[in-house]
Amino acid sequence: MNHIIATEKLNLYYNDFHALKNISMQMRPNTVTALIGPSGCGKSTYLRLFNRMNDLIDGVKITGDVRVEGKDIYAKNTDVVELRRKVGMVFQKPNPFPKTIFENVAYGLRVNGINDNGFIKDKIEQSLVQAALWDEVKDKLNKSAFELSGGQQQRLCIARALAIEPSIILMDEPASALDPISTAKIEELIYELKENYTIVIVTHNMQQAGRVSDNTAFFYLGELIEYGETKEIFTNPKDKKTQNYITGRFG
Amino acid sequence: MTHLDKESQQLKADMIGMWNLVISQLNKTREALLNFDKDMAHEVVANEKRVNGNELKIDRDCENIFALFNPVAIDLRFTLAVLKINSNLERTGDMADGIGRFILNGNGPFDHELLKLTQVLHMYEEASSMLVDTLTAFEHENTKIARSIFKRDEILNQINIISIKVVTEYIQAHPENTEQALIILSIIRKLERVGDHCKNIAEEIIFYIEAKVLKHASKKQKAE
Amino acid sequence: MEWPKNTERNKNLRQVIAFTSFKLLSYAVVMILFLILAQIIYKGISVISWEFLTAMPEDGMTKGGIFPAIVGTFYLVLGSMVFAFPIGVLSAIYINEYTKDSFYKRFIKLMTNSLAGIPSIVFGLFGMTLFVNTLGFGDSILAGSLTLGLLTLPVVIRTTEEALKSVDDSFRHGGYALGATKLQTIRRVVLPIAFPNIITGLILSIGRVSGETAPILFTVAAYFLPKLPTGIFDQVMALPYHLYVISTSGTNVAESQPIAYGTALVLIMIVLLVNIAANTLRRYLGKKVKMN
């Protein structure tokens, strides 16, 4: 089994609206997969399948198979809390909790029942280092997370997600609310994190998809139009719609 | 180092590899010519496939960098320069291949007096060292070395121009060697082309490092 | 193409007139408030003394202090809050965090909103029927507190709900995404953020409760009771009711007028202090939440 994430003939409905149509797609471990497509094409919905964030929305119905590490995560006996520990998520808008920097990263550990302070301390340092934030915050761990800049806040959110040792990280337009420099930092970070994690990223920014991802999936009107190596998609897309979208001729 | 830096560095390494391959191709044809070594000439012709393969790979890498990273400023100039240098080197490789084929078709060792009269070996030295110097200029981003190339191309042009007269005289004196004299003349033509490619490469290097366009510029402008 | 004629003449003049009239109206509101305050302070300040605050009423409430009324009001506020806070906050959490947008949720909202609109005298009557008579608490602090609690429950629910609603969903999603359960997310993320606003709502409802007369009329308030209560089944005097009594049906309405103004002043001061406390606390907690 070489796929860490896979969907098979997946359909998703918001009440009567058919939001994802028959999506079959697999992702390998330690790759970055970019989901691109015009607004409302279903890419964010698709992303949120893998940590079952769609459960929070009323009227969502799913048919088909969603597998994470080989397990059907929509099976009846799935422990959603456990799943979300394994599948971390970073949101569009940096959303640190109104707590100290330290407590933000510690949060995920605490809610998962870890109270060993020595362990928490080490884990926080490790996560912040991984998120390329340690040097900037090591002297102010007890300051409010709100004192950080937007880009730093987003890296804090990444550190927060890393602390609970997920194997997969979902990113929903993680840089769309940030300035170019912060965006570049996040992109570099994604490139480095690939070594230890599998990353799925939704982005509106085609260049970003090109820079950070190994594979790209193009969604349009709830359908998976094309999925393949990012190099292929960006130099020689097979589908006319993909070509039109990535060249900015529609979308 | 950013992701793009890493890709650029890899591209640069591949480019240097291509360069060395072409230099060795050219040097081998010199050996083959001097010693009428058909095995060596054969090797050169066989290796042409590798040169072409390298060219395709570098082209594809450049295409990917353009498509995926949208390079700007020095990154953009670097990638553009690599793309063009690549095609110049491939053409230089073609020259070596052509020379190799001439030698393979030759029917006996070349007359050393002919080689001496036409200064073809001198051309070889010059062309080969120009290639090496462009490589050094590229590798170390040294535009001073790149600028020195323009003058040295003149030497090759000079030898090329007088070669017609030299070869004509030689044929009149040694009509039995007409065929090999014509081969040498063709080789001289090809070596002169190598010089032109080196000049183009030098222009690209200066463009990449200094953002100056020297194509079609006068000699004075180039010297600056 | 010719630009159409500008029909909006004297734009600037109109602007000035509109702006000035809005300004004057808003000043008028403040003025009225100040007039009321000034009148009460002017007439009431003379009777305010340490003795007035700490002594029992005497001579048919024409002399002496209002101590039992202050204590009574304090007990009633405390009692009603003990009843209304936990129930109100927990129901608000349930309504806002747990129920999905369904008929049931809308029904609860309609009910709480209607409850808030019921005149307070109706609460008084209801409290008398249920607590005083049916449950047999008699006229007592318990019955009065429960009645006041009922009255303030919708306010507590609504302010808490608003406070919870103002917490951005991204915080909740951030919590869930880290493997927190709903309860953990509410307890560790949502409530700390909403806390300052919840507290403010609660304090404001204290202000409201301390000034209510009608609900305590039939359930707890004593006309004249110059002693302190000893248990929750005792009757007490209360500031608003005391004020009502001595200015309408006292033994000598004219003679007890200064005491009435004094009582009014004390009541207003309490409400004012509570409001200031609410604001200070919110600001302080708001900062603290950011820090932690």
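Labels A, B and C are assigned to the chains in the order they are written; within every chain, residues are numbered from 1.
One rule holds in what follows: a contact is a pair of C-beta atoms (placed from the backbone, for glycine too) under 8 Å apart; a residue touches a chain by one contact, two chains touch by 3 or more.
A quick note: this is a predicted structure, and the numbers were derived from the prediction, not measured.
Asker: Enumerate, in label order, the chains that touch chain A and chain C alike.
Answerer: Both chain A and chain C are touched by no common chain, going by the contact rule given at the top.
Asker: Closest chain to the protein's overall Cα mean, using per-chain Cα means, please.
Answerer: Smallest centre-to-centre distance to the global C-alpha mean: chain A.
Asker: Centre to centre, by mean C-alpha position, how many angstrom separate chain A and chain B?
Answerer: Spacing between the chain centres: roughly 49 Å.
Asker: Centroid from C-alpha atoms only, then distance chain B to chain C, rounded to Å. What do you get?
Answerer: 91
Asker: Which residues of chain A are in contact with two or more other chains?
Answerer: In chain A, nothing touches at least two other chains.
Asker: By the touch rule stated above, which residues of chain C touch at least two different other chains?
Answerer: Not one residue in chain C touches at least two other chains.
Asker: At least two other chains touched by the same residue of chain B: list those residues.
Answerer: Correct list: empty.
Asker: Which part of chain A faces chain C closely enough to touch in the complex?
Answerer: These residues of chain A touch chain C: 51, 53, 56, 58, 81-82, 84-85, 88-89, 91, 93, 95-100, 103, 107-108, 110-112, 143-144, 146, 157, 160-161, 164.
Asker: Under the stated contact criterion, what part of chain C meets chain A in this complex?
Answerer: 100-101, 168, 170-171, 173-181, 184-185, 188-189, 192-193, 289-292
Asker: Which residues of chain A touch chain B in their complex?
Answerer: Per the touch definition, chain A meets chain B at residues 184, 187-188, 191, 207, 210-212, 230-231, 234-235.
Asker: Inside the complex, what are the residues of chain B that reach chain A?
Answerer: Result: residues 2-4, 63-64, 67-70 of chain B touch chain A.
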